[in-house]
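Written out below as structure tokens is the structure these notes cover.
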């Protein structure tokens, strides 16, 4: 893949401190023009700080923000080529929907008729054509967020920042709006940078996801890669439903690494992290890739790809059912199956064997 | 970390040229930024210069030497000596006593109104009722105090009404030109304040508290003593301190409604000014400032007065 | 409502108590107004309605002159104190030193009028001395009158007196404003000033206007600080009080007191009625527009 000539957003060594509190420590990030980029992470992790710093609402403690290759660190938000959609409460309550959407154009000094046409077009784009004369308090939460979208998009800026835009909406509406956001971005082709703590939301919309926690950029990559093959332990714990096991390396080869974990020896593929014998490491595996069979079942899993444990209980979740199993080490593992494929669960306290395809287990070295 | 490798192929963006203008837009001027920062500090500077400084300087001026018409720099405790060894100290202390009575009466009469407002009046109506209490406050204090004369006099409104109703045969003369008159005047003047501060203080008592109390079976008294007072304490304290210091500081009330011996700090200060004894006036002011600071310090240690601000600190 | 099980009569009784207190607090004022319309004045056996006493005030040239000074002072105070309070409230929202800011702005409430007035009087006299001395050194007499007791010192006294009220009123109105809206306006390209003027100000306007009216009323009614700091001229209250002190309560002073009370009652009553009407019309609009709203 070719390197983008000029990235839409480039962040270099960016840090933000509030007094003694470090909200963001030295982050580097490049976001290509036209991509839907999601900043995902737990609340208080620094993702909103990063977004607001890109938008010019926070002044960085050190580091640079480049928009289209130009350093904009000294510019306030109104002089940047970004526009922003806020979590909520950000519509001007004393103006109509039309007044809200046209406000930026009015500031830019555009003639009235043109403002009306462009605003109407933007409202059309977000599907609110009939509501131009309403006041914000007469709109539902979803409608309000659409007005915000229209207000931001009407400006024809090429980078749109979205700060938890769907957080105040209920679950079903959030799902629908996610898809709409994605389609909207594909239609207009500008760069979207979207902050959320909801991984489903992130997966739905993102071309690429950056995981941010404790003020650090933990990992980033295509949404699919983040889910299927998280490189860092934190990613595994935050994205998807992963089982995590702590262990110690007992043998390290070029191809395989053996880890003492969960009361047995687990063999994993050496994916280039090259740990040495005696290192404390973590293992992770997605719960849907763990299979559970009764201990006496006639099954010969490949060496290093199984553990035995004590069956605890099953939790029915609709589409899937989770089985909880305690390992001799005290760790707990969840094996998740489609409910329709589930057979009768073992007795509580029965000994069971867990097994998995070798390449499903991932090794995380800190 | 470098991201280039993972980028998806970018969509062509035609709008870049359109926004370039806004990016290269005027850089905010340095002078504007400095002005922008300092203009918000103006009120603070004003208050330090014309409020904090004059009040702090009372301590300095109070030890100056008195001259015939003015004062000159020096270091003497004559003014304080004068204050302590004359009847002034006694008057000052007794005015504190009567002021405390006024605080108590105002609290008993006024605070339940604040609780009632918060608890049982719909939110939209609350502010209108508060405005009703601002009304007497907006009529000049001096007019209200003067107007108490025709009300409380021997042949005034109260006495004539009571006599017409046949409740009394003789006019009550203790209502005015006595310490009672002063307390009445103080309560009438400052009662709205306990309603305001109580109203703000009750913001710290969420409405569900009342429901929880009902649920747990706490009676009105227990609810008041165990829940409302501790939660609203900072605001109640602020209201009480206001009434107390104004009770000993406003000269008008004892001057117009008080009898012999009804002299408070404010009256001592203004009398000293009239007598051109400026160091004495400054000493009284300094004593008042000290009293206020000590009260606020005690209140802060007991209740953490910064909590009063929580409603506006969202 | 919370009190669905409460005794409705008890509730009404509490309302009665509340109104009784308000009426009691206002009773001296009402009584004075009542007397001011009596041709025979206070304590007379016979009540004859008249408005002559009011004509008497406005035919008095000293009174009219005082009224002019009072109006000038009130207007200047409003123009200076309300913007200062607004700036202070904005500063308060941003600063880390919240306790210090609030203490400085509210402390004048806790210093009684006579004490503050005396301290300011002595401060200004000294300050004036310092500036005159400085002027002598610099060879100019320009600074001699800066802090001479007069309009400017009375003005400063009144600003100190009114600023806490404006500050509190504006701060409370600002409490309901969401800072995100300013950010949204800036994201739309507005400068900080335009964001304030187009978006924030319309939402705190009620608070600012209330602060203005309170300031004017308070200035018209203030006596102690003004009389200590005014120097040569007279204001409405100082004339009134000196008449009362010299001649006792005359019929004319009843009329003057009533006149001032009318202003306050009219303004506060106006605000209450305005909010009532506004609330009613808003409710009507809301009802009219309560057509079903789509769920998305």
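Residue numbering begins at 1 within each chain, and the chains themselves are lettered A, B and C in the order written.
The working rule: contacts are C-beta pairs under 8 Å (C-beta built on N, C-alpha and C of every residue); 3 or more make two chains touch, one makes a residue touch a chain.
Just so it is clear, the structure is predicted and the values come from calculations on it, not from any experiment.
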Between the pairs A-C and B-C, the one where more C-beta pairs touch: B-C
Greatest separation from chain B - chain, by CA centre: A
Rounded Å distance between chain A and chain C, as computed from the means of their C-alpha atoms: 54
Whole-Å separation of chain centres (CA-atom averages), chain B against chain C: 15
Residues of chain A touching at least two other chains: 76
Of all residues in chain B, the ones touching two or more other chains: 22
Junction residues of chain C, two or more chains touched: 189, 192
In the complex with chain C, residue positions of chain B that touch it: 22, 36, 39-44, 46-48, 50-55, 57-58, 61, 70, 109-110, 112-113, 116-117, 119-120, 122, 124, 127-129, 131-136, 138-144, 146-151, 155, 157, 188, 191-192, 207, 210-211, 241-242, 245-246, 248-252, 265-267, 269-270, 272-273, 278, 281-282, 284-285, 288-289, 292, 296, 306, 309, 311-314
Interfacial residue positions of chain A with respect to chain C in the complex: 55-57, 76-78, 82-84, 86-94, 103-104, 107-108, 134, 138-140, 142-143, 148, 151-152, 155, 161, 173, 176-177
Chain C residues touching chain A - in the complex, by the definition given at the top: 178, 180-181, 183-192, 194, 198-199, 202-203, 289, 293-296
For the chain C and chain B complex, residues of the former touching the latter: 1-3, 6, 11, 14, 17-18, 21-22, 24-29, 31-32, 35, 42-43, 84-85, 87-88, 90-91, 94, 98-99, 101-102, 104-105, 107-123, 125-126, 156, 159-160, 163, 171-172, 174-175, 189, 192, 214, 217-218, 220-224, 228, 237, 240-241, 244, 249, 257, 260-261, 264-265, 267-269, 271-272, 275-276, 279
